[in-house]
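The two complexes that follow have chain A in common; it is paired with chain B in the first and with chain C in the second.
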Partner chain A sequence: MSSATATAPRRRRLTLSRRRQLAGAVFALPAIGLVLGFIVVPIGQAVYYSMTQWDGVSSTWIGPSTWNQALHNPTLWTALRNNALLLLSVPFALGLPLAIAVLLHQRVAGWRIFRSIYFLPTAISWVVLGLVAQRFFAYQGTLNSIIHFFGFSHTNTNMLGYESTALSALGITFIFTMVGTNTMLFLTGLATLDPSLEEAARIDGAGRWRIFRYITLPHLSRFIQLAFVMTVIALFSALFSLIFVMTGGGPGYATTTMEFLIYQTGFNQGDFGTAALYGLILFILTAIVGVVQLRLIGADE
Partner chain B sequence: MAEITFDGVTKIFGDDVRAVDDLTLHVADGEFMVLVGPSGCGKTTALRMLAGLEEITSGTLSIGGTIVNDVLPKDRDVAMVFQNYALYPHMSVAQNMGFALKVRHESKDEIARKVGEAAAILRLTDYLDRRPKALSGGQRQRVAMGRAIVRSPQAFLMDEPLSNLDAQLRVEMRLEIARIQRLLGVATVYVTHDQIEAMTMGDRVAVMRGGQLQQVDTPQDLYDHPANEFVAGFMGSPPMNLLRGGLENGADGAVVVLGAQRLAVPPRYNASHDLGLGGAVVVGIRPEDVEVLSGAEVAGSITTRVERREALGAEILVHLSLLDAEGTSAFVVNDAGAVVTRPSTLVAKMGPRAEVRVGDTLRVRFNPERFHFFAADSGVSLRQA
Partner chain C sequence: MTTPLLERPPGREGPATAPRPGRRRVRTGRAALFVIMLGVAVVMLYPFWVMIFDSLKTEAQFLAGKGFSLGSWKALNSVIPVGQQVLSSTIICCASIIVIVLIGLPAGFAFSKLRFRTSTLIFLVIVSAMMVPLQAILMPEFVNITKLGLTSGYFGAVIVYAALGTPFSVFLFTTYFRGVPDELIEAGIVDGLGYFGVLWRLVVPIAVPAIATVTVLQFIQIWDDLLVGLLFIQNTSQRPITVGLAVLSAGRTTSIPELMAGSFISALPAMLVYLGFQRYLVKGLTMGIDR
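== the complex of A and B ==
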C-alpha cells in the first residue's frame, strides 16, 4: 500500500508533455554539441588568442591592450576601406546576372547554349579564374589587345600595376566570377513564376517594363535578397584566391582586404594573435550584414 | 462593347498540329457564348487567340469590326479570367483589381471609385486590403472577375473559371457569373469542358472537337437537335444512347434491326429525315425518352434485361442489355470504328420509386417524338433542315 502511494505520484509526474520535452532535449544534444565544438569554442579561442602574443606554437597572455595596438595599425583601416570599396561591385554582381537571366528567360535564340556559357565560370576554380584575369589585365594582355584592335594603338593599360586601378580590376573579376551563380539563381526564380501572371498583365495593358517592374521583380525579391547575402559573404570571405593569384595584395596594400590581411599577419608575419583579432573583426562585419539582411526579409513577411 | 467574329481562323502549332481548324464563329454584342468540348478540342487555343496570347496562323479575327490579328493584347481592350485566376500574389485585392487602370494612368480617385463599384457588385468590399493567399477559392475567383469588370472592356474572355472550385461553389458562381454578365451586357466568350455549365450559362453554345467547330446553337436546340453523333453524345448527362443497326423496310414501314430485335420507326421520320433504306444507321435516344412498359406487349417495344442499377435519389438509372433470340442478353453493339465511344448498354432514366432489380426483364419503348438518326459512317444527323 505504502509503496503504491509512493510510486503513483512519481509516475504521474512524467506526463506526456514532460516526456516530450525530455525527448526533445535528448535529440537536441548532438546538435548542441556540434554547435559548441565547432562554433562557440573556436570563437572563444579566437577571443583569447586575440589578447595574446602567439607565434603559432606558444602564446603569451598580454591582455586587451593588443586590441588598442591593432586598431591603430593603418593597414587595418586600408583593408577595411578596400572591403568597403569592393562593396560597390555588389550592385553589378546582382544587376548583370538579373539582366542576363531575364533575357535567357525570354527564350532568346540559343538560350540553352548561353545558359551553359554563363554558368561555366562557376565550375572553374577561382585560382584559374584569377590567372585568366591576371593575363587579361596584364600590360601585354587581352585587354590591351582589344583596345589596340579598335584602333587605340597608343593606349596601354596596366590596371593591376597601379594602386589607383588594381582594386577596380579585382572588383571586375569578382563580378565576373559571381555572374554564373547569380544568373542560375535568378533563372530558378523566374522558372517558378507562373506564366499566366505575365499573360494577365499583358492583357491588363502592361508593357515589358511594367511587367518586369510589377510582376517579375516582386516575385524575384527573395531570390535577389539571397543572392545579395551570398555575394556579400563571398566578397568578404572568398576573395583570397583571386587576390593571391592576381596581386598578392598589392601594389602596396591597394588590394589587401581584411581576409588577405588575416593571412598576411598570421602566416607572413607570424603574428597569429593579431590575425585572430582581425578574424573577429571580419566575423562581426559579416554577422552585421547577415543580421541586417534577416531583418529586411523579416520585415517583408 | 462589341461583337466578335472568327472568320476561318486556324492555329497550327509546330509543323502539323492543327489546334484550331478553320473556325468561323460570330459572337453578337452582349452575347454569352460558351465554347465547350473535351480537352484538346482547341477551345482554349481559340480563346487565347482572341486574347492575343497566341498568334493566328491563318484567317481573320475581328473585335468590334476591327481586324485584330496583329494587335497586341493590351490594345485589344478585352479582359480575361484565367483558370488559375492568375492573381498578382504580392498585390492586395484592390491593387489586383486596379492594376489595369493604373497601367492606363487613370487617377487614383477614379481607380478607387471603379474598384469600389466592382467590389460592391462582387461582395468583396471587406477584403480589399487582403492579399490573394489570404482568400478562399471562391473569393479569389471573384477577385479575378473583379479585375475583368473594373475595366469595362469590349469583351470578357473566361478560361474554365470555375474548374478549381468545389461542386457547391461552382453552382453558386455559375449563377453569379451569368448574373454579372447580364448586368453589364458585355460580349463574353466562356470556355469550359463541363456541358452543364454550357447548358446553363450560354445564350448560345459552340461545341468543338479536334479543333473543329461541330455545332453552334442555343442550349435547348443543341440538346434537341444535335447535328452529329458527337454533339449528341457530349451534351446531356447521362449521354444519349446511340444504337447501331440496319435499316429495313418492314410490313408496317421502316424498322431498325438491332440484333434479334426489330425497332419500328414511327412514320413521321420518313418525311423529316433522309433515312434511305437498306443501309446501316445509328439511332439515338435520350435516357429520359426510354419508357418502361408494364403488362402487354406494345407495338414498337423491345425486350431488355437490367444489367446495372444506379439509384441517384431523385431518379434511377438502369443499364439495359438487349435480349437476343434465345433470350440471353446481348450487349448493345459497340463498334470500334465508331465516331464516338458508346456505352455498351442502353441507359434509361426511371422514377425514384420504380421497382426494378438487376436481372429483371423489361419491355421498353422509345418516345416516338424523340428519335434521332445519324449516318452510320460519318455520324452526321440525317435530319433535313
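== the complex of A and C ==
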C-alpha cells in the first residue's frame, strides 16, 4: 500500500477492492454472529457439558468418564435401535411418492387438482398430523373401522397401545407425512425430463418399464438422492412433534428416538449433562448424513 | 402404468366409428389411472375428513359415534384460547422471518458479490450449520436463552428460529445472487450509490422471488413447529397454537371434537400460504440441484 510508487489507477483499484471486501464483511457479520452464537458455540458447550454433572444451574466437572456411564445406559441403545428400525420406512417414503409423481406426470384429466390435493398435507403441522394419526390408530378409530368393513368384525387393533406395534404406527405416520414433499421433488424432476427422449425410446420399441428403468430413473437420480437425504434428516430430527402427541415416547421406550430421548433426559429427568451428550451423538449421526448432502450440493460448484 | 397414455388427442373422446382395440385399451388405462389417483386423493385428504367430521360433534356424540353439532366450535375458545394462540404464532412467524431475511439477504449478497478473505470458508461453515438439528444443541441453547432472560416474551423463540433459519436463507440468497451480473453492482458503485445504496436500491428489488421463497418455506416451518415454542416460551398466554394443541392433547381429559376444531384452525393459515405460493416452495426445495 505504499502510495509513493504506485500509479494512480492501481491505487484506486486497490482501495476499491478493499472497500468492497470491507462492505462484504460488514454485510455478512450479522449472519456470522447469529450462526456462531446460537449454533456453533452451543456445539462446543455441549462437549463441555457432556462431561459434567449438570442440572442446568450448577455444573460439576467429572470428565470423559461420564461418556462411559451414559453409553452403558440401555435406554440410549433402545433409542438408537428405534431410529435404525425407523430407517426401514425410508424406502416407502421414497417409493410411494415416486409412484405418485409418475402417475401425476401422465397428466390424466384433473391432474392439477390432484397435485394440489396430494401436496396439501405438507402444509399441516406434524402436531396436527400426529393428532389425526392418533385418531386413525385408536381403538375406536378409522383403522379398526376399515378392518371391520372387510369382514373381520372381531379383530381390533390398538397399534399405539403396544410396544410391539407402536413403532410401526409411528413409521407409517412418518411415511404419510413425507409423501407430499417427496412427490413435489420428484414431480419437479420429471418436469425437467425432455419428453422427446421417452418418445424416441417408445418408437424404438421400448416398453414402459424399460423406459422408466433406463431413462426416467437415471434422470431422477439427483432428485432421489436429495429426497433420501431430506427424508433421513427428517427421520432423525423432525419426529419430535409426532412422538409428543402420539405416544409420548411409549409404551415403555418403544417409540423413544434419539431426539425424544434428549428432550426426556433433559426436561423430564433434569439431567442436562447426559442430555447434552445424547445431543452430541445425534449431531454426529446427522453430520454423517450432512456430509452426503454437502457433496450433493457441491457436486456442480 | 401398464398402457401408453400420451396418445389421446386433447379434448376429443372416442370417434364415431367403432374404436380400434388399441384405442380402447388406452381409454381403459386412463380410466384405471383416474380411479387410482382418486384413491390416493382420498388418503391424502384423510386428515381433513377427520378434522372436519370429528369437530362437528359434541363429546357425547363423538363417543356414541353418531350425530352432528356445532357445539365444539362454539365452546372452542373456552377450551383453547385459539385467537390468542393464532396471534402468538403469527407474531413469532413474522418476527422470525423478518430477521431471517434482513440478516440472510445482505450476507448472501456478500458471499456472492463482495467476497472477502475467508468468506468461502465462513460460507461453508454457515451452510453446514443447516444440518445441525436443534435437538443436538438443545441443552446449551436452552441454558443460554434462559440466562439471557429471553424465555419471557417472544424474543427467545424468535432468536432460535432466526438462528435455525438463517443458514438456509444465506445459502438461498447466495445461490440466487450468483446469477446477477457483476456489472449491475459495478454500475451502481460508479454512480456513487455506495455499497449500502447498491444493496438497498439495486439488489433488494431483484431479490423479490428469493425473498418470497424464504418467506414461504420459513412460514410453514415455523408455523408448524412445536419444540421451540414448547421450551423457549415460558408464559402460557403467549403460546403458539401448535404448543396449545400438543399440551392440550397430552392432558388426560381432552375433548377430541374441540381438539380437532383447534387443529383445523391451526392448519388453515399454512394451507392458504401453501396453495397461494406453491411454486416458491418447489423452487426452494430443489434449490441447489435444479438450476
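Throughout what follows, the second predicted complex is superposed on the first by the 251 of 301 C-alpha atoms of A that agree within 3 Å, B and C clash if a C-alpha of one lies under 4 Å from a C-alpha of the other, contacts with A are read in each partner's own complex, and residues count from 1 in each chain.
Simple rule for what comes next: contacts are C-beta pairs under 8 Å (C-beta built on N, C-alpha and C of every residue); 3 or more make two chains touch, one makes a residue touch a chain.
Computed from a predicted structure; not experimentally measured.
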Task: Which superposed partner A:Q69 touches (first chain B, second chain C, both, neither) - done: neither
Open item on the list: By the touch definition at the top of the document, which applies to A:T155: first (chain B), second (chain C), both, or neither?
Closed with: neither
TODO: In the overlay, answer first, second, both or neither for which of chain B and chain C A:Q269 touches.
DONE: neither
Open item on the list: By residue count, which of the two partners contacts chain A more extensively, chain B or chain C?
Closed with: C
Task: chain B versus chain C as contact partner of A:D194, first or second or both or neither - done: first
TODO: Using the touch definition from the top, say if A:Y214 reaches chain B (first), chain C (second), both or neither.
DONE: first
Open item on the list: On the A-aligned overlay, A:G205 touches which partner chain: chain B = first, chain C = second, or both, or neither?
Closed with: first
Open item on the list: By the touch definition above, which chain A residues appear in both interfaces, chain B in one complex and chain C in the other?
Closed with: 202
Task: chain A-touching residues of chain C, taken from the complex the two chains share - done: 1-6, 30, 33-34, 36-37, 40-41, 43-48, 50-51, 54, 65, 102-104, 106-107, 109-111, 113-117, 119, 122, 125-144, 146, 159-160, 162-164, 166-167, 170, 189, 195-196, 199, 220, 223-227, 230-231, 242, 245-246, 249-250, 256, 259-260, 263, 266-267, 270-271, 273-275, 278, 281-282, 285-286, 288-290
Task: Footprint of chain B on chain A - complex, ascending - done: 194, 196-197, 199-207, 210, 214-215, 218-219
Open item on the list: Quick check on the complex: what are the chain A residues that touch chain C?
Closed with: 16, 19-28, 30-32, 34-35, 37-43, 45-46, 49, 56, 100, 102-104, 106, 108-111, 114, 116-129, 131-132, 134-136, 140, 142, 176, 179-181, 184-185, 188-189, 192, 202, 208, 222-223, 226, 233, 236-237, 240-241, 244-245, 248, 258-259, 262-263, 266-267, 272, 275-276, 279-280, 282-283, 286-287, 289-290, 293-294, 296-297
Open item on the list: With touch defined as at the start, can you tell me which chain B residues reach chain A in the complex?
Closed with: 51-53, 72-74, 76, 78-80, 82, 84, 86, 88-91, 99-100, 103-104, 147, 151
